[in-house]
Amino acid sequence: MRGKSVSLDSVSMRFGDFTAVQPTTLTIQAGEFFSILGPSGCGKTTLLRMISGFMSPTGGTIRIGDADVTALGPNRRPTALIFQNLALFPLMPVWENVAFGLEVRGVSRRDRREKAEELLALVALDGQGDKLPTALSGGQRQRVAIARALAVEPAVLLLDEPLSALDLKLRQHMRTELKEIQRKTGVTFLYITHDQGEALTMSDRVAVMRSGVVEQVGRGDDIYDNPATSFVASFVGESNRLTGTVDSISGGFATVSTRFGTLTARSGPGLAAGDKTIVFIRPERTRLQDTPDGAGLALRGTFLRRDLEGPFINLFFDCQGTPFSAHITNDSRHAAETGTDHWLRIAPEDALALPAGALARDE
Amino acid sequence: MNAVYRSYGPLLGTIILLGVAVWTLAMIVGPQLFMIEQSLWRMEQPDSAVTAGMRIEELNNALSLAQYDLGALEGTTDPDKMAEREKLARSVSAMEQELTTLQGQDTAPVKVYTISNYTEMSGYHAEIFVKTIGASLMVTLIAFAVCYPVAYAAAKLAKPERAALILLGLVIPYAINELLRVFAWLMILDYQGVANSVLLWFGLPEPVRFLDSGAGVFVAMVYAYVLFMVFPIYNTIETLDTNQIEAARDLGASTWKIHSRVVLPHAKPGIAVGSIMTFMLSAGSFSVPHIMTRGTAQPWFSQLIYSKFYDSFYWNQGAAYAFTLLLVCVAFIILMMKVFKVGIRDIAK
Amino acid sequence: MSSTAPSSSVSASRVVLSVYMALFFAYLFLPLILMVAAGFNSYSPPSVTQWQGFSLRWFSELAEDQRILQGIVNSVVVATGVILLSLPLGLSGALLLSRLDARSGSLLYGVLVSPVLTPGIILGISTLIFWRQVDVGGGLGLTVMAQSTFIAAYCMLMFMARLQRQDTSLEEAALDLGATHMQVFRRITLPFLRPAMLSAAVIAFLQSIENYNTTVFSIGASHTLVTEIGSRMRFGLTPVVNIIGLLFVTVTVAVAVAYVLLRQRERARTPAG
């Protein structure tokens, strides 16, 4: 099996007056594990359904490999979709589910059975072929759906939040497994999720979407360390935020006036002197000190409470009305007391100033 | 249309559309339109045929007179009479000729569009029509009164197994054909039937003629159609959250209040459906009056329609009567939808 | 909350209700019992008041009554025709309506279910008049047409109820795996509709066999079991019809039981959800 690339050229989708997907241009490389990440309702499923052929875009063209597939129906595209609810056929045993794509292509029963067993082995379901899908557990059903999609040897596998119905443990286990299957088969995976953890752990590249617009495409590190917009910065990972105005920019660093004083931060794309800005500081890059010494701005914060996350501890402070948090590794040494004051230092390379814009809503 | 082809593809999509088209046009809309059309005309003698007919009669009279005179002059030798006879013979042949032309003329009745099939409903028929509608309304009302407690008991008061038994008890009588069910009531209410035997045994001086009054039709009709009233009401009451009833009781509502303010409003769609079905079945019932009137009580409107088709073969007026009946049913449906504020989708469930 | 007064009035109303239910069921069942009893009375016309002794003679008379036997055959022929016509029509209607938007759907829905709300005699009359235009007269074929007009609507409603519970992503998944629309229909949609097909066929059969008001207009010179009974009602009735009534109950109960059993087997094969 070999994956193919997917190219979107100004692909858009309108429902009446409402535009679910703004004109989007995007190329997914052959054999890539590509994720589209965004809050629910941002148009991810719509985009996926256009690629799989269940919806015709109201504008633009879609190519898979070298072929323009914009006008083809779903049964004539080299894609296979894993549905959000899996959509296993309840009346057919597992192996018939897996072999369905071969059956409709006229493959003989013997060959189908053989191929189904092979695929079931690939997804670690050996010998479960004669059960009905309802007799399997959630994770097993998940793998049946994947085997069924892989049976038709698709060039592109489209997955619509396939793990959302599973419990946490299984979800984390399936991440590794999906990645492994993708590596083994070489099929292009286009993976849709609203869960940043999934997107960051599995993907070669991630696209972050908001309200029908792809705001940023990049490797996970890139997205996390250098978010292009305030939305991406607030949606991916946690962050502390300070608002201010840009005084000047030089050498990739911006000088920003905030109500806590002047602060230096890396300058994000599209920022100019005089702009309103939001400065993002990751909690784990916030330096907790007893004194304000060191480069960068130090804020004085009153300790409120701590949340134990296991490997690290999440500490919450109040800086004159602005909430601020810091993550520290759990080395069982830290013991702050509620009401005591501390210094939170923001080093210039740990802060990122971005043009003030939309933020992800906290859920 | 596009959605249909998109979901089912060209072949299946076309089959589906064709199937629905045949059903709609050849089985529903077409027949109704043709029935209406049939009700709007009748075959009539054309005017020319009427005058021609009168003239033919006239000629026939004159001819037989002349022929009689001619016969009287037969074998005469009187020249005067010979001339008279000559003249007479000529006029006879002239008349005979006119007669053949007239008779050769097309006097076949022609199709004339008219609304008189509707307007000519005689006083007697109009009376039966009004009585049928009124009686059907009564049947509907009685059926509702009889069924509501049963439906409520089955849906809310009885334990599940008992409720299943009640429903089964409601369904089983319907296993028997409608005609036979009604006939059973005939056996009871007949002059020499079970009811009278029992009454006589209790000392009634002479049997009662239940059937002549038309009361038999009522009893049998309610019997024949209760199921159509019980089930819709049962289905809606079933969906009522029992907690609502208990909350109302807890708040001190009387039984009457609970029903008028909680149960009945909730059951509205079911009552509407039950009423529509019962009314429609009663007004259009042929079987029940066919058996229960026995020719002694006044016929039902449906029986008039039947006799227009199969006794007097006057289809046009039969179609007019049928369409009138349909209009009444449609009016009743609309009335129920307005009164109970339900849509067509709620009705056909 | 509950004082003694309401609870005693509740139990009083329970007694009233119980009495009422007893009367109601007596009303429902008494005629049936009489009906069956008269079938075993050797007296004719059917009666229970003129009892002339228990007899099975009407069974043998039924077996020799050619018109009745022919009527049964005709009824089964018509019912089979109705099933063959109504199921595809009802299915087409349901499949079409499931894909139409609310506005155009409502109108078509109204038209298609209108026969259910139309008096049966009118369906018979209009079908009779319609087919007269092309010189097709009353008979078994016309009766199939007339009955299917409304029985197809019942079938459609049953299919619609089932389709509403279908997960449309199943059809999409099949399409996505490369199935043609025909294959999707055969492999996914039809198997899903199987239980509804069974119910629809049973209902169509029973409705057709039972029908009188429509059939009496469309049957012409032929006859079905029920129209034959109808024409004997006014004269020449013998307890043979009571025996038929008995058979009706037996057959219907048998069909009902078979139906329930089949449904259970179907359920066992079809996992919930």
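A, B and C label the chains in the order they appear, each numbered from 1.
Quick note on the criterion: a contact is a pair of C-beta atoms (placed from the backbone, for glycine too) under 8 Å apart; a residue touches a chain by one contact, two chains touch by 3 or more.
Each chain and its UniProt protein: A = Spermidine/putrescine transport system ATP-binding protein; B, C = Spermidine/putrescine transport system permease protein.
Just so we're clear, the structure is a prediction, and the values are computed from it rather than from any experiment.
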| item | value |
| --- | --- |
| Graph class of chain-chain contacts, one of line, ring, star, complete, other | line |
| Two chains joined by the most C-beta pairs in contact, as defined above | B-C |
| Most central chain, Cα average position | C |
| For chain B paired with chain C, centre-to-centre distance based on mean C-alpha positions, whole Å | 21 |
| Rounded Å distance, chain A centre to chain B centre (Cα mean) | 68 |
| Approximate Å spacing (C-alpha centroids) for the pair chain A, chain C | 56 |
| Junction residues of chain B - those touching two or more other chains | none |
| Junction residues of chain C - those touching two or more other chains | 180 |
| Chain C to chain A touching residues, read off their complex | 167, 169-170, 172-180, 183, 187-188, 191-192, 269-273 |
| Touching residues (chain side chain C, partner chain B) in the complex | 1, 13-14, 17, 20-21, 24-25, 27-32, 34-35, 38, 46-50, 88-89, 91-93, 95-96, 99-101, 106, 108-123, 125-130, 133, 145, 148-149, 152-153, 157, 171, 180-182, 185, 210, 212-213, 216-217, 226, 229-230, 233-234, 237, 241-242, 244-245, 248-249, 252-253, 256 |
| Contacting residues of chain B [partner chain C, same complex] | 3-4, 7-13, 15-20, 22-24, 26-32, 34-35, 38, 146, 149-150, 153, 157, 166, 169-170, 172-173, 175-181, 183-185, 187-188, 192-194, 197, 223, 226, 250, 255, 276-277, 280-281, 283-287, 290-291, 294-295, 302, 305-306, 309, 315, 318-319, 322-323, 325-326, 329, 333, 344-345, 347-349 |
| Residues of chain A that touch chain C when the two form their complex | 52-54, 73-76, 79-81, 83-85, 87-91, 100-101, 103-105, 132, 134, 148-149, 151-152 |
